[in-house]
Amino acid sequence: MRLWKTILAAAVLSLAAATSAFAARTDLTLGIVLEPPHLDPTAGAAAAIGEVTYANVFEGLTRIDDNGQVQPALAESWAVSDDGKAYTFKLHSGVKFHDGSAFSADDVKFSLDRARAKDSLNPQKQLFAHITDVTAVDPATVKVTLDGPQGSFLYDMGQVAAVIVAKGSADGNKDKPIGTGPFKLDHWAKGSEITLVKNPDYWGTAAALDKATFRIVPDVAAAVPALLSGDIQAFANMPAQDALAQIQSDPRFSVVIGSTEGETILSINNKKPPFDKLAVRQALASAIDRNAIIAAASNGLGKPIGSHFSPGDAGYVDLTGVYPHDIAKAKAYLKEAGLENGFSATIKLPPVPYARDGGQVIQSQLKEIGVDLQIIPVEWAEWLSQVFTNKDYDLTIVSHVEPNDIDIYSRPGYYFQYDNPKFNDVIKALGTTVDKDKRLELLGEAQKILAHDVPAVYLFELPKIGVWDAKLQGMWTNWPIEADDLTKVKWTD
Amino acid sequence: MSLLEIENLSLTIGATPILKGVELTVAPGEVVGLVGESGSGKSMTALTIMQLLPHLARAEGRVTFDGIDILGATEDQMCALRGDDIGMVFQEPMTALNPVKTIGEQVAEGIRWHAKASRAEAEDRARKILDRVGLPEAKFPLSRYPHELSGGQRQRVVIAIACALRPKLLIADEPTTALDVVLQAQILDLLRDLVRENRMGLLLISHDLAVVTEMADRLTILRHGEVTEAGDTARTLSEQQHPYTRELALASMHLPARPKPHLAGSAKPLLEVEGVGRDYPGRRKSLFRPAQPIRAVDNVSLTIEPAQSVALVGRSGCGKSTLARMILALDKPTAGTIRFRGEAITGKSEAELQPARRDMQVVFQDPYGSFDPRQKVEKLVAEPLHLLEKQPAAAERREMVAHALDEVGLGPRDMDKYPHEFSGGQRQRLSIARAIITRPKLVVADEPVSALDVSIRAQILDLFAELNQKLGIAYLFITHDLTVARAIADEVLVMHEGKIVERGKTADVLDHPRSEPARALVAAAPDLHRAIARRMQEQG
Amino acid sequence: MTAYLAKRLIIAALTLVLASMVVFAVMEVLPGDPARLMLGLNASADQVELLRNQMGLNAPLVLRYLHWAGGLLSLDFGRSYTYSVPVIDLVRERIAVSVPLALIALALSTIIAIPVGVFSASRQGRAGDTLAMGAAQIGVAVPNFWFALMLIYLFAVWLRLVPAGGFPGWGAGVWTALKSLILPAVALALPQAAILGRVARSALIEVLNEDYIRTARAKGLPYRAVLWRHALRNAMIPVLTILGLQFAFLLAGTIIIENVFYLPGLGRLIFQAITQRDLIVVESIVMLLVAAVILINLLVDFSYAIVDPRLRGRQ
Amino acid sequence: MTMRIDLPEETLAGVLAKAFGNRSFLIGLVITLLILAIALVSFVWTPYDVTRLVIADKAQAPSWAHWFGTDHFGRDILSMVVVGARNSIAVALVAVGIGMGIGVPLGALAAARGGLADEALMRVNDVVFAFPALLSAIMITAIFGPGAVNAIIAIGIFNIPVFARVARAGALAIWPREFILAARAAGKGMTRITVEHILPNIATLLLVQGTIQFALGILAEAGLSYVGLGAQPPMPSWGRMLFDAQTRMVIAPWMAIFPGMAIVITVLGLNLLGDGIADILDPKSRRRR
């Protein structure tokens, strides 16, 4: 009898091994926290839109890879005129939209003109501000002329809002996205999941996955069990916070901590006394202990920053040493500003964990130098109208996730209400410089000005907590641009 | 060997003793009366036989039924007996049936349970027994619900349930107390026929000596849980050896002394009711025919003079309570006018009615329902004082309440008690105290004594008579009991199906009734003397 | 009967009109600008103004109300601002989750509560009763997301019997869809069963003192049969009242459970629509909820008549 | 004529004697007083300062140093439960008060008036009941601003329809009783009858509903912190402690267990107290040995 049992066991084992060998999995379920309101990246600012569609469904002339470098996409190659004002793009041939219609230079012209039109509702309209003319030389070539050299033009054309859409399907993209990417929309059960399937006649190298489902998991507490139960196999950026340790110790999963473009800052209303005095801002910067905030509000993940720049990007200068955590110095600054026994102020916090938790840590840290903060939690709608539009606030905490956005401090009417001519000149120069090294030098200078002038106290860069099945490959480590690019993702075993 | 034998039965519930040394036997086909006032333990005796006692009850002694030791029986054994070999009929027909089940279901249920009969067979037997108790299928299909039947009809359904399986013993606990005299007579006849037909033993429990005398061959008298006397009905009641038996007999024929009766026509009328009618919207039978209204009171006219005592007599459902409520301005008539002390009170707003209300008050039938359980006696009795122009100070209020309590034979220390701390009789005294505290000119009493025991009833009627003489209060008594009318009223009005069919001096109407309904009422009213005389002839 | 029905419908219509005005006024006064929410930080002020015009937000108040209300009459709820999809489709998907979930939760809660209520009432004052009512007490006070997570870790993560959450849609097969509703329904049923149990117990205790219970026992029925056949049906009126209230709450008040099980329910849609200031969606859903509450109350009133024949006469 | 109300006053001695004989009243009173005492003590002393964050000892299990362990900011959970008691109990109690104060008269009026008034009131009740709680919470924040006090208004509004419905059902059962007819015969108007006879007879019903709404009130306060209502940091509240614990259930279950238990014990205490009071007020109850 015993013999019979061993044979049976052996058979079962081999059967299991066999099945999994040649049929490597080709489907994937990812978890995302926020559901995109719609799927048209050229018509809405929500980061979740790009996260699902960028590089998967829609493609631009150029593409940003996981190191933040510009790569060719629909444009095979390009030539730049000497004065840097004219770009001629050579387009790939044989490219089709998901609805079968052919892709040509006309679509590029249509997309760029649509984005820069007077009545355009493109959320990143400023990317196209310098374009004066777009002409389709021939079906495979497009010439774009600018009003002046734009250092970041190729980078800008790789952004989420700069994807190329077809004239016929542009207006319907919100609900039925028609792009040129390796995946196309299969089904969207609102509030539940978005399913993409492989685009059979994709012009480039086909994707390894046949099916990818983005499942919406709004509650942090639900993310961990979803992963452990196998419902979800990957989170590009998992809101695991404290539960991370438990997952890191689990061999079934690999945990990859990367960086994002999210500069988390304590924004200050620079026109409102007493914050119009530099000394007061310096006092705040010195009183705040960045590492304590990271430990409490971001579970110890994310790098501290000294200026409005993401450590992952080229040109980063570490300025966290400008105002180190020093209570005595902070009190000295206050004394210098004539407020030695402190003052009271309000801090408005949007409904996100880094803000609601970070706010409490800052409140208790500033208490030590006599600054008494009253916390006012607000919804996004109220934050946008009270803080962003009406500048009715003292302090607030927000993370600016737009890539390459140090220029916001030079924008007139921006909610910081910060106006520094020296800084504005550096930004103007940066805008027109094409030479790489010169740009890096200018970026460094801009960072130094902000670090010393403290229009906002720079806290930390939002980490990207990547968690996925150990047998999965090809997921991005960092988020130079908020996107879950699945083109190179595949199961290994 | 008799059907039911109870020897030296004692019963306690929790700490309070209920029965001591009770002896009782019932032979097949024999009717045994069990008489006693409320609180004497007669119902508890019945529930002991049925073993339906509350959770904390402890019974000792011997109770055997058909050879089975009841006290030692298990619940399953009792379930087998109940409804099959022992049937029970209860006092209050209005609440004895499950309101949400049809009468067919409730009668058939017992049959299916005991006889393991099929649905169709059980329903068929149900139809038969309902027909036998006087509810023919034509008028009373099985699909009718209890609320669609009158009190008498519901009691017939309860009897049908009890007798559905031809029980050997039927226990009837005050089966007709809540019914009017005519219905009472019919139900008693029904019980007598059923007993004779099925040779059942019947244990008839009642506080009404006249009823027991008419029905029972032998009777046992209970007082505070002990048997005072037992034996052959006629002999026991005529010889009245035990003082308590004598007391009971006297109380049930008691006539309060009323030296000066007040005759009509001698003064300006206090209350004038002219052509008053009250219609209720009937249920719409079908979509097309409009629902014809039900006429509860039909063109009634009457007058009452100050200090005069008038009785309004009629069977239940004849509209007398509706008329009373309209006189008290608690319900608006759909026709006619009512004038009190010369002023019309129909169509007046609540504010304008205040002075009129000060001079007329009400005493209700159910002593338990007419008092807010959450308030103390002082508040309850003083409630009508709200009608006075000048609100008396707190001390003066307590003084007035104390005086009213004294007038009805209760003490001042009763002021701080709650209604549930009083017996039925005492509560009726509280009701009267409440009614007379504002020295009203007219008191409307709706069945004031029908829920009371014989002896207590006599005391209350004496009280009414005394207050009439002393305070000159006019009465309008609503009752279906002719002995009450004879005891207290100068004049009697007989009401039948919403109309006044006869009016006259009490003696004239009750001794020589002219109208048919009046005659039926007089004939059906149980009278102890007549019952004893007839019983003596039978037993020779 | 029909007169009564007609009266109730007229009053329902008036209530709906009242509700539409109230919710429209509230949404107008609510701070925050939907257009700015959609376009985000980088959009310029005039772009926001452009979108407001496109969405018709700058049209005069009364005109917008009449347009919206007119649409309601023809069941055209208009298009969602954020999703830019007809509201009807959005809500239909969510109702396909919320209504079955509410019904299952109610059924579970009734199946648990009624026997507990009967058990407690029949042993009033004794150990079993105080124990059951103590448990009911805890059932009410326990935060249901805590209980939900316990269920997930036990049945989904450890035993892997049911999915940890999400809703595959009825298209994916009734059983698979039902499987994903079991845990959320149990998590919702616990507090409701606790409340319902207490109400059933007190209603039953009152009924057990009635005379017809004694008549039923005198018929020879064992106590258990009397309880279930006679007492329970008479105690149904207060129970039905509570069930009506609970069903209305379960429709859209279960946002926490919908989040923990990531179910695309009505609760989450309302939460999202309010925080996104998606006026059209919020207004339409509130109208649906008011209509649902009115309908539920009508059903509860009719169920009273079914349970208690005495009430049939009145209608 | 001034409206003189004859409420069922008991002599104090009678009530106290009956009260202290009643077991559930005693237990309920002890628990409630204990919790109130702890809450009051927290004004003066707490084991640790709840406003100070000590990130170093974050999310520590219960130990001798921290009996209830620490939360994600290293704050002592025992101190937070104690300080949180103040806010949570105050918000929930006053909210139940508002719910009863407005809901009960409405319900009683609807039952007394009947007809159109009854129908209108009940339908308005339906609208308020169907209104999403979050919407009215945001409205209140917009009008009155954030903070603990305004959370009371928000939760109070949620309670009104519930109490109106319970009071109406209770009153409808009492109106047809005979002693009401007697009161009408004594010339008492609808309002006086409601106050003197109807309300005392449905008091028990309202007490039971009150304790249920109290428990739901505490939990509701947590949901409000999203829009800024309820206690703002550094003031802790049980509701928000649960809200924060929600995401850290697996690693730090004690963050949810202790505030959860605090709620359960408080509700249990209040329930027993409620049942006890109901017994004492009920004149029929014998003094239980």
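Going in written order, the chains are labelled A, B, C and D, and every chain counts its residues from 1.
Note that in this section contacts are C-beta pairs under 8 Å (C-beta built on N, C-alpha and C of every residue); 3 or more make two chains touch, one makes a residue touch a chain.
In this text, all values refer to a predicted model and were calculated from it rather than measured experimentally.
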Joint neighbours of chain D and chain A, given as chain labels: C
Winner on C-beta contact pairs when B-C is weighed against A-C: A-C
Most remote chain, CA-based centroid, reference being chain C: B
Innermost chain, taking as reference the mean of every protein Cα atom displayed: C
Geometric centre distance via CA averages, chain C-chain B, whole Å: 49
Rounded Å distance between chain A and chain C, as computed from the means of their C-alpha atoms: 38
Chain centre separation in whole Å, for chain B relative to chain A (CA means): 87
For chain C paired with chain D, centre-to-centre distance based on mean C-alpha positions, whole Å: 23
Residues of chain D touching at least two other chains: 138, 246, 249-250
Where chain C touches two or more other chains at once, by residue number: 30-31, 145, 149, 153
In chain A, residues with contacts to at least two other chains: 219, 221, 351, 379
Each pair of chains that touches, named by its two labels: A-C, A-D, B-C, B-D, C-D
Residues of chain C that touch chain A when the two form their complex: 30-34, 36-45, 47, 50-51, 54, 82-85, 90, 93-94, 145, 149, 152-153, 156-157, 160, 163-167, 169, 259-265, 268-269, 272, 275-277
For the chain D and chain C complex, residues of the former touching the latter: 119-120, 122-124, 126-127, 129-135, 138-139, 142, 162, 165, 169, 208, 212, 215-216, 219, 222-223, 242, 246, 249-250, 256, 260, 263-264, 267-268, 271
Chain D to chain A touching residues, read off their complex: 51-53, 55, 58-59, 72-74, 138, 146, 225-228, 232-234, 246-252
Chain C residues touching chain B - in the complex, by the definition given at the top: 2, 210-212, 214-223, 225, 229-230, 233-234, 307-310, 313
Residues of chain B defined as touching chain D within the complex: 325, 328, 330, 350, 353-354, 357-358, 361-362, 364, 366, 369-376, 379, 382-384, 386-387, 391, 416, 418, 420, 434
